Every structure is written in C-alpha cells, then in structure tokens.
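Report on one structure; see the data block that follows.
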Amino acid sequence: MIIGRVIGTVVSTHKHAKFEGAKLLLVQPVTLDDQPKGPALLAVDGVGAGIYEKVLLVIEGRAAAEILGRKGAPVDAAIVGIIDAIDVDPALVA
Amino acid sequence: MIIGRVIGTVVSTHKHAKFEGAKLLLVQPVTLDDQPKGPALLAVDGVGAGIYEKVLLVIEGRAAAEILGRKGAPVDAAIVGIIDAIDVDPALVA
Amino acid sequence: MIIGRVIGTVVSTHKHAKFEGAKLLLVQPVTLDDQPKGPALLAVDGVGAGIYEKVLLVIEGRAAAEILGRKGAPVDAAIVGIIDAIDVDPALVA
Amino acid sequence: MIIGRVIGTVVSTHKHAKFEGAKLLLVQPVTLDDQPKGPALLAVDGVGAGIYEKVLLVIEGRAAAEILGRKGAPVDAAIVGIIDAIDVDPALVA
Amino acid sequence: MIIGRVIGTVVSTHKHAKFEGAKLLLVQPVTLDDQPKGPALLAVDGVGAGIYEKVLLVIEGRAAAEILGRKGAPVDAAIVGIIDAIDVDPALVA
C-alpha cells in the first residue's frame, strides 16, 4: 500500500456498465514528508474520503474490486483507509 | 486508473484466436494539465471511444478481460470511461 | 498491450517441467517511431512470429498462460498478434 | 521478493471493514549494501517484525492476502520473513 | 520473463509458515550483453540453479506459486529455467 492525498475528482458520464457505482477520486501519491511524487491516479473510494485527506492506497485490481464489493469490477486501485498519523524514524528514509 | 488520450489504432490481421473481437486503441497517458507522459499503450475499448478523446484507463489483465466480456482473454489494459471533466486543486499536484 | 520487435531467441535445456511447450522469443519494446526503448524481455509466442517482426505484446501472467493454453503455466508475457500497421497522429505523442 | 527495513507505522482509525485485522508496517526498500532506495511502502506484517529489522517483502495482492489469511483482503504487499543474513558476491551486483 | 544471474542467498530463520519449503535465491537482472541492471531480487528456485548461473526469471505471484507447487504460496518471482545461450541481433537492441 502507498500513501496519497486526495486532490480532486473526475467526471465521466459515458462509462462501461460494469463500472457503475464506482466513486472515483483523484489521488496524488506523497512522500513520507508530504511532498507530491509521481503521477496522480484514480482510485475507487472505499472509505468516504474527502479532498485534502491523506489516504492509504492499495494498487491491485483484485483488491480494488473487493473494495467496490464486486469481484469482477474493472478497477485497479482503491482507497482503503484515511491516515491519521505516520510514525517514522527519518534517519532510515531514502 | 489513469488518464489517457486516444491517439490512434493498430492493424493486426494475424493474431491469436483468443484475441478475436478485441477492438484495440492506441492510448497516450497524459498528465493532469494534458501533456503526454510516458509510452503509449494499446487498450481494449469498452466504451466506443474516438480519436482525441480523453479516457479513463484501467491497467490490469483481469479487469481488461472483464471489459472484453471474456474471463480468459489475453489482454492487460482497457478503456472504461470517457472523461468529461477533471476537477483538481493544482496546488496539490506534483 | 505494448509494441515490440522480435530480436532473438533463448536456449534453455534445463527448465521447469511446467514450462514445457513454451516457445519463447526475445522481444525488444519499441516506440511508435520504431526506436528500441527499455529492456528486452522474453515472451511466449502465441502467433508464430518471426525475427524482425513487429508484434503486440501482453504483459501479465494470467493472460500469457491463456496464450500457452495452460491455466497454471509459470509465464508472464506473450505475443498475441503481429502488427501490420500503426495509424497514429504524431502531434499527440510524448 | 525484495529486501526492506521496517521504519515505522501508520495510524488509520477510519478504514474499510475488509481491512480489519491487518497490522501494517512502513517498510523502506534497501539495496544489498543496506542503503535506502525508492519510496517506502506499507505492508501487512506476517511475522511479527519490529522497527529496524531487515525483512523479506512480497509485493503482490494475492500473496499478501494469503499472509493476512483472508483470500479477499484488499492488500498488495506483505512481510513474509525476517532476514538474518545475506550471502552475496559483491562483484556481481549492479 | 527476464534474464538474471544468481548472485547469492538469503538466510531467514523466522518466516511465515506458508513460506516453508521455498528455496530462495538472490538474482541480479542482467542486460543482453551480461551487465547487471536494476535492483537484485529474491526468487523461488524451481530448477536447482547455482551461483553464477544465468537464469530465466518469471515475475508474477501466481506463476511463482505454481513453481513452488502450492497455489496459495506468498511468493512473487521464480526461476523457471537455466539459460544455455542467447541468440540475438545486436543491431536491434536498445
């Protein structure tokens, strides 16, 4: 799992039928000291996350489909938790 | 899921039998401010997307096979939606 | 799926029993303007591709095993088509 | 599998129900000569690892869910062993 | 599949029960002209490979578990063959 921040949403009125019910949020991966890093991606929201919240992101299709509650859903990333705090020894980080 | 733009097509008359019926589109991943980024890839079209359209791309085999409607199809990426709008706070992007 | 060019073969007389019957080809991923890019990889040939041919490559274990025709085969990439032509708007490419 | 070092923990009180029971540790991938490399990630702890310990990390959803003991768990990385020693010929390393 | 060279082993006395019986080797990915490239990784040995041998590596959990002979094993990479020779046209390589 990686750490990200919710930065927005995407509107898609014309989508595949199997995609119905998927609430998507735009998430920016962030480093341990909260800097954006790498490309933003879209994830299924499994916890009711809001804009600016720091979240726990799982990146794998099977797991994301579990969050959506539909085994065969065509998704590949999901928000599985809202992060309250990160406890880390900075001397050990790259 | 990531954001891409449909930029073309590929012609392949000699392909594997299990690949029949897969309409493939060439998709260029783009950044939030619409710049091409990284290598283009081929995805199964699940929504009838057209050239130049901005689309929602799922990159995972199981999910792509779901879009094609055949569980065992040998595919690894699919277009699952056409993007109408992206709503994002630019201050939060890498 | 990505685009590659068949550049060679690999000889492996001592291999795992579950690997029997897998014809492997060495494939170099190429850009849309046909330049080699990134490391070459080995893929199961599902279409009888020859050296120098431009091919359609699927990179995922489940899909590659489908091409081999054995669900549990320990493979992770496969050639699923021979590319005749690529039709793309160059102004849209990274 | 890759080699990492446990560097911390993450607190997430609001998480998806299917995520219950998953003890997560923050792991920093390290090189063979023990230097941090690449972004830290969160993994399910399957062995009772402690801070500073060098661990064996498996990065794949199905495997991580096996460690958690729940097939459908929405996880994508797990700690599967604590590393006592690495025996390597340094002349062969990149 | 990619090409690697076996460069060592890892000792882990405290590991997850589902990991029993997995013989792990440290493998360094190499280029076609035999130069180390990218980070070393740990793979399940399915062919009895020895140090210095050039091997065929499959990187995917399901496939690696097949090599181990246990469907639910928490592994993500495996050695599936020993490479005798690589036959490649150097003009075509990146």
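To keep things simple, chains are lettered A, B, C, D and E as they appear, and every chain counts its residues starting from 1.
As a working rule, contacts are C-beta pairs under 8 Å (C-beta built on N, C-alpha and C of every residue); 3 or more make two chains touch, one makes a residue touch a chain.
Here the structure is a predicted model, which is why all the values come from computation and not from measurement.
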Requested in this report: Could you tell me which chains make contact with subunit B and subunit D both?
Outcome: A
**Report entry** Inter-chain centre distance, subunit A versus subunit E - centres from mean C-alpha coordinates, in Å
**Finding:** 31
**Report entry** Gap in Å, rounded to a whole number, between the CA centres of subunit C and subunit B
**Finding:** 19
Report summary line: Residue ranges of subunit E touching at least 2 other chains are 37, 60-62
Query raised in the report: What pattern do the touching chains form: line, ring, star, complete or other?
Result: ring
Query raised in the report: Reading around the ring from subunit B and passing subunit C first, what chain order results?
Result: B, C, E, D, A
Report task. Name, in rising order, each residue of subunit D that touches subunit A in their complex. Result -> 5, 7-16, 18-19, 24, 26, 28, 35-43, 51-52, 60-62, 65, 72-77
Query - In the complex, subunit A residues that touch subunit D - result: 1-3, 29, 31-32, 37, 46-47, 56, 58-64, 66-67, 78, 80-89, 92-94
